[in-house]
Amino acid sequence: MPNQPDLQLWLIPVFPLIGAFLNGTLGRNWSKGLIAGVAIGASALSFVWVVKTLSALGQLDTAHVERYFTWIASGDLNVGFDLAVDRLSSVMLLVVTGVGTLIHVYAVGYMDHDKGFWRFFSYLNLFLFFMLILVLAQNFLLLFVGWEGVGLCSYLLIGFYFLEKYAGDAAKKAFVVNRVGDFGFSLAMLLMVVQFGSLDMTKVFTAAKAMPVEAQSGILTAIALLLVVGACGKSAQVPLYVWLPDAMAGPTPVSALIHAATMVTAGVYVVARSSEVFLKAPLAMEVVAVIGLLTAVVAALIGTAQNDIKKVFAYSTVSQLGYMFVGLGVGAFSAGIFHVVTHAFFKALLFLGAGSVIHALHGEQDLARMGGLRSKIPITYWTLMAAALAIAGVWPFAGFHSKDAILLAAHAHAPWMFWVGVVTAGLTAFYVFRAIFLCFFGEYRGHAHPHESPAIMYMPLVILALLSVAGGYLPIMDWIAPLFPEAHEAHDMTLVLISVGFGLAGILAAYYVYVLKPGTAEASAARLGGLYRAIANKFYVDEAYDAAIVHPLEQGSRAVLLHGVEQVVVEGGLKGTVAMVRGFGGLFRHLQGGNIRSYAVYALLGAVVFLGLMVAKGGSQ
Amino acid sequence: MDLIFFLLFASIAVGCGISLVVQKHPIASALSLIGVMGSLAVLYLLLGAEFIAAVQLIVYAGAIMVLFVFVIMLLNAAEEAPSRKTNWPSRLLGVPLLAVFVALLAYLFDKMSPSLGTVTFGAFTTGGKQIGRSLFNNYLLPFEVTSVLVLIAILGAIVLARKEID
Amino acid sequence: MPQLTAVPLSWYLILSAILFALGIAGFVFRRNVITVFMSIELMLNAVNLSFVAFSHQLRQVDGQIYTFFVMVVAAAEAAVGLAIILTVFKNRQTLTIDEVSSLKN
Amino acid sequence: MLLAIALAMPFLGFLICLLAPRANPKTARAVALAAAGVALAASLGIAPEVMASPATLTQALSLNWIPYPPIHFSIGADGLSLWLVVATALLSLIAILVSGERPAQFFAWLLLLETAILGVFTAQDLFLFFVFFELTLVPCLFLMGQFGQDSGRASSTGATVKFFVYTFAGSVLMLAAITYLFLKSGTFDYQNILAQAQAGSFRLSPAEQLPLFLAFFLAFAVKTPLFPFHGWQADAYATAPSPLAIVMAGMMGKLGAYGLLRFCLPLFPSAARECAGWINGLALVAILYGGLVAIVQPNIKRLLAFSSLSHLGFIVLGIFSFHLNGLDGGAYQMVCHAITTGALFALTGFLEQRKGSAEIADFGGLATKTPWLATVFLVAVLASSGLPSLNNFVGEYLILQGAAFAGIGYAATAAIGVVLSAVYLLWMYQRTFLGARPEADTADLSGREMLAVAPLVLLMVWMGVASGSLLPPQSAVNQKILQQSKMNVEFRVAAPLPEAASGD
Amino acid sequence: MPNAEELLRFLPEMILTLAAIFLMLWESRYDEHDERPGMPAAALIGLGLAAVASILAGAAPGSAFRNMLIVDSFATFFRLLVLAVGALAVLSASPFLRQRRAEGGEFYALLLLSLVGQSLMAASNELIMVFIGIEISSIASYVLAGYLRDDKRANESALKYFLLGSFATGFLLYGVSWIYGLTGTTNLNEIAAILGNADIAPNAMFSAVAAALMLAGLCFKVSAFPFQSWAPDVYQGAPTPVSAFLSAAPKAAAFATLLRVFFTAFEPVSDRWLPLLAAVALATMVIGNLAALWQTDVKRLLGYSSIANAGYVLVAVAAHSTLGISAVLFYLAVYAVMNFGAFAVVALLEGSELSDFHGLAKRQPVTAGLMAVFLASLIGLPLTAGFFGKFYIFKSAIDAELYWLAGLGLLTSAVAAFYYLRIIVVMYTKPVPEGRGEMAAPAASVQAALVFSAAVTIGLGVFPGWLLDWATRSSGLLR
């Protein structure tokens, strides 16, 4: 595009990179103030630069692309270090830098006592860098850099408390499961190049747009499905969601930033970004929707039986990500993205609030040892309540708007999806409020001395609470809608009421079970028996994976490959060859018995054979 | 007559040869060998090689075999003791191989015989004169060089047979 | 009787072959070192016969010269060979060839 | 001429160190450092000239060596060899730097190894190539035999013998094949043979190509190593002293891959294409097998050995994809893997120095005591597992892309290897550096150690981000090779050129 | 009467004989256990003079003594080669014998006389001269092998060598008598002329049988399968410097004879014996190398190695080309040096078991280093002479389209790497055995021999051209 203004897009990710580098190399000897200043400064500068860029770009009717240098060039394939901003990415940029900055601020308070303060902020900034690369990338390979990079930061941050074994395990699990997703993503890229000869998004999407819709399957469906595999990994969808709950081993701000607000939505972002491809592959769309629904239900069910406050919210995240997928799958891309944004607000808030609670209780995360905190930490309570109402979809909170958009679109697509969706919404309201009630109502059941968090922590909570309340009125859907085909969603008031009703019902049920009649929960759990145990044990998915994949892989490698193939076939083959050669030599060795007469016999044998051969050749010339 | 002489001394030669192989006592073997050599000398005569026949008796049967007998006596060699170790290769392969060997050669001579003549006593006789002339003209070098051989033999015998180095 | 006077040359050669084979047989079957050595002499004698026979066939004196050289060599070999046998006997007090087999695998 | 200096300096150093066996170790190391340093500078010095015309050979030297058969000491570099030469010089320098106090001989052999490897990458005479190829064994023999340590079941003696005989046996037939080529073409000069092939005056029938190709292939497959010829590898890496392991794992394996790319494709195009399916199959097995076995290795060096098996499988896969992307990826990955694996072995060497062991079970929780070591190690681990923005990713991606053109099944299977690499490397890292094991004080990276690994880390990032600065010269040569591999191709079986297959 | 030119062509042998007689006479001036400081030098001077004479004779090639001798570049090459080996043997043997108090003029005399035989073998143009040359060389060698007459193993070695050698001579001689009977001559050129003339040639089968009988005899001398069994036993039992000598000089001379006899006299029937030779070459390589894998006695191991190396040389012979001949010459020279070096190192040690090599690099680093050079060359590593030797051999085989032979030969040579390598490895990795301390530096003469051998080994490994040139110039046997 000629005469594009040079807006130095590269500065947006580079600010946090510099922050990460400074803190990472020098931060160890710096004061906490300086570290925090650098980290927040980097994040905030980035935010400012985003705002500045967007204001300079105005309406953004077409994407603004900036190309910097060639990254990989081989033959016809040319992948550049190209960044782009369009309406979709602008939304993500604001969320990432905005919410990211808030969480940075919050973390200064939360991590105050940690020895790894410098390390933490270095990682956090590094995460922002990669996330921004992901969002800004103009080609899939660069996007993949961000994609893997955020995975790396997630790995580092989940494993932040690396002295604990579970943290290391969880980190590795996250990375490896994500790698499984990335496997799909890479294959999708490979196919793109094979098909389109490029990874540049504009080129790929233009080419895809020109292709016919694939009724059954085809190359676009293949690409789309492989992208879905990648998205499932990153956005914790069935069957790859298992890493996300474990990821709560990381510090709470991390859970808020990475595992709620930003990184996990990358899968949603990529699917939305690739809408041109998906629109040509209805089969893939259907798959996305079904996976989303399944994820939403399963995670919500598990969420009802978790006792760790962060785990509850983690499953809730999984469940909400499922909603987003449903949105994408039924063609309501803008609704899906809208939900990404509102979810970023209220889920970040939920986590930060939970963090505040944990902070207040000196690290206690078990709901069973909370209760009655409403009065002790009121700011936390009120902000958390706002978030809970938002997630429960209560009008006029933010969650209501985005969730309804999705559900309505689902109804338009297939009514049964709507019904599953609203039931899940009810469940969501139930388990979120279960947590709220267990935490803030009733008697305090723990032994710590709760105290309100410092201002540096609750100020972000307040800001996020405001956004959770009013975020639904941001004109995000209108802003990005032109990017996608017209969504045919009828604004059916009945359906809206139904969904809100389910949400309220969930809240009331929770209120009934956990506030009015404490003990009902245990009773009903006992009544449900096996089903409850299954839910409480997360449907034994981890165990199933262990039994079906991890264990066979490790044991198989050890028993079959290492002890079998390696030691028997490879080494054994080698030894066998050696033994054979040596054995053959041994034959001759035995002939060499030291006896002269035997030697003479061999010589005679040789002479006879020589003669015999000559005679056998016959006479004549 | 030639045929009778040939057959007679050929049989003696073969007989003594067999005796050499089957006799257990080295002295008996040595005597058998002398028998072979003697009969060969007669055959040489039949072939007209007078000088060689003489040398065969003087050098071979006379000198060399005396040396053998002397050593046998010196070492007081007794009858072969039955072997403690069975020598499988010679036991298994010896006879068949020898049989094949002889058969092969006989086959070859049979093939060759049409181009070979016959031997009649006196048809071709060489005496010391021809031998000497040839030896000092055509075969001067080998003749001279054999002196080295003899030198080595003397030297070798001295080196090996003198009293021990302590 | 002309048939009686003329012996085919091949008969001499076959005799030589038989003696050669007997020499080999002596080498292979006898266990006394001296007998083995004598078997070698028998082999050489067999070769000599073949030389002389060929010499007659070719009406050349050269074959007999070879015989002469072979005898010289045989004499030299005998001297050295018997000396070697003497040293072996001195060290081992045996003439049995099967017992001179310490060098082996 | 600079290239000649790059070869001559280490050799000179080798002679000095060898002939002064009683020299003070410090002096010896200084000499070695100087020699390797000059070699590195010289090898960097050739870069501008080579990059100016990467596809054509920049001849450095061509001396008549042996009059008949006419063998020339002919060395030169093009875009393909350039970075391999630089990487060799760099890794050798680093290996010397991390060597600590060792007898003069140790440095002598390291320098000879450097010379030999540089020779392999630059030899333009097939015979000379073979000479250097075999010569690499000699220093390894002494370094492993004299300075190696026993490791588990593997004694250094046994490992040495196994390594030597295995690789030696693998390559002898190549000499026969080279001789045959000489008899057919009348020259050992590689460029000359290729020119003849282009002119059509040198032609090998498919029936001739197959045995020749196999003879070359066997030599390279053992050296690389490719499954199932890797029997020597784990023991060799595990018992080799770590400076040797750096060079061995870093560069020696590339000799095989380089040979495949440089010689097998242009010389025997028909046979190479005919066998490509099988070879790619072996490469895939190597990728998966190496990855799976690495998971259960209890020793870091062995784990890295199997990791190398897996990674080199990628390189072979790329080369035999017969697609420019794959070739480029293979060539680039050779350099990348050299850097990354070199760094990993260097770091493992540091660990070994501190603990006297490379058994994973002997470590744990090191990150608290040695944050820098842990960080650098993590970077290397991540690079090795193909994290984008670090070097290996570029190579692996291009390889997979090339493989995807040859058949998406290849790419899909190979991509599983990428997943596995994360599994075994991170698990190893976790067990080594993370966790709460109470640790006696362990020293963090010293200045010298930092100096040794810092360039590698920088290169990992540089090569991962700015492949545009390094890849083009390689790609230029690869285009030529691909071109050559289409020349005079007669096919025994109807094997379509992969370009035609790209549609399916 | 022979003229002066003819005498010149025989001069090297005369000088050697005179030197031997001189040494024997000088010996009488010493008591048994006296040191004989001048004798090695005298022997060396004799060898040097003989070498000069060889060069002079080689400058004016031609035949002598009624075509009995032929002094051509081929003969000169071998004469100088065996003389060089003889010189190395003198250098290495004198301290060895001195240490065992067995030094004597007879030893050097026998050595020189043995060289007379080998020198004659190289230059003979007559089967009878070949025979006498072989016998001179052999009988002297029998005595040398048993020279340490109180050593049981040396006796046994001498006895085996002698009996089996004579046995093989029987076959050789039988073959001579056959070819004489068939052609009426023993001059090689005349035989060739008769066999090559279809009108007067005897039945090819008979000629081939004669050739086979002679081949059997010569195969014994070069220790080719299946006539190789004596070699390990003899080399193991003989005094080490003698083993070194035996495995180099008589073998080289036997190859010279083999080449000359078969490539001139029996050339017309080459289609009959060449396949046999190729098969023998293969079997010899295989058996030598495989059996060597089992050896723990290094001398014995080197004995098997000499069998294997004979197999390599036979490959080049079987190539049946001028190129092949030059490869043979080159390899024999190289082998003589590297093999001699290896044996000479063994001669320095207390014993010849593999365990005696443990930790040699710590006890005697220089010696160990030299040994490593020799072994590397035997393995055939680049930049050593052995590498080029093998290369030229297998190249000639490939040239002759004997692909299978070249391929299998190369594989067996790879197997061979294993047993040579084991020696290097134990020298460098194993600890010094208990009770074995520092080792005294070898005597100056041995050092000289070792350094010379190593220098030649490496020198030829870097610049093989001149020797190959020479070998090529000396390979003009085939017409």
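For this structure, a couple of remarks:
Going by the order they are written in, the chains are A, B, C, D and E; count residues from 1 in each one.
Criterion: contacts are C-beta pairs under 8 Å (C-beta built on N, C-alpha and C of every residue); 3 or more make two chains touch, one makes a residue touch a chain.
Quick caveat: nothing in here was measured; it's all calculated off a predicted structure.
Any chain bridging subunit D and subunit E, meaning touching each of them, is among A; the list is complete. If you take subunit B and subunit D together, the chains in touch with both are A, E. Ranked by how close its mean Cα position lies to the mean of all protein Cα atoms, the top chain is D. The greatest centre-to-centre gap from subunit A, using C-alpha centroids, is found for B. When chain pairs are compared by their number of contacting C-beta pairs, B-C comes first.
Remark: subunit A and subunit E have CA centroids separated by 77 Å (rounded to whole angstrom). Averaged C-alpha coordinates put the centre of subunit A at 96 Å from the centre of subunit C.
Subunit B and subunit E have Cα centroids separated by 30 Å.
Centre-to-centre separation of subunit A and subunit D, using mean CA positions: 36 Å. The set of subunit B residues that touch two or more partner chains comprises 85, 87, 90, 94, 98, 101, 105, 108, 111-112, 138-139, 142, 146, 149, 152-153, 156, 159-160, 164. The set of subunit E residues touching two or more other chains comprises 128, 132, 135, 139, 142-143, 146, 149-150, 158-160, 163, 167, 203, 205, 209, 232-233, 291, 294, 415. The set of subunit C residues touching two or more other chains comprises 13, 20, 23-24, 27-29, 31, 36-37, 53, 57, 62, 65, 69, 73, 76-77, 80, 83-85, 87, 90, 98, 100-105.
Touching pairs of chains, sorted by label, consist of A-B, A-C, A-D, A-E, B-C, B-E, C-E, D-E.
On the subunit E side of its complex with subunit A, the touching residues are 159-160, 163-164, 167-168, 171, 198, 201, 203-205, 208-209, 211-213, 215-216, 219-220, 225-227, 229-230, 232-233, 272-273, 276, 286-287, 289-294, 415. On the side of subunit E, the complex with subunit C involves touching residues 128, 131-132, 135, 139, 142-143, 146, 149-153, 155-160, 162-163, 166-167, 170, 173-174, 176-178, 180-181, 184-186, 232-234, 236-237, 291, 294-295, 300.
Listing the residues of subunit C that touch subunit A in their complex gives 24, 27-29, 31, 36, 97-98, 100-105.
Interface residues of subunit C facing subunit E in the complex, by the touch rule stated above, are 13, 20, 23-24, 27, 33, 36-37, 40, 43-44, 46-47, 50-51, 53-54, 57-58, 60, 62-63, 65-66, 69-70, 73, 76-77, 80-81, 83-85, 87-88, 90-92, 100-105. Residues of subunit E touching subunit D in their complex: 361, 365, 376, 379, 381-383, 387-388, 391, 394-395, 398-399, 403, 406-407, 410-411, 413-415, 417-418, 421-422, 424-426, 428-430, 463-465, 468-469, 472.
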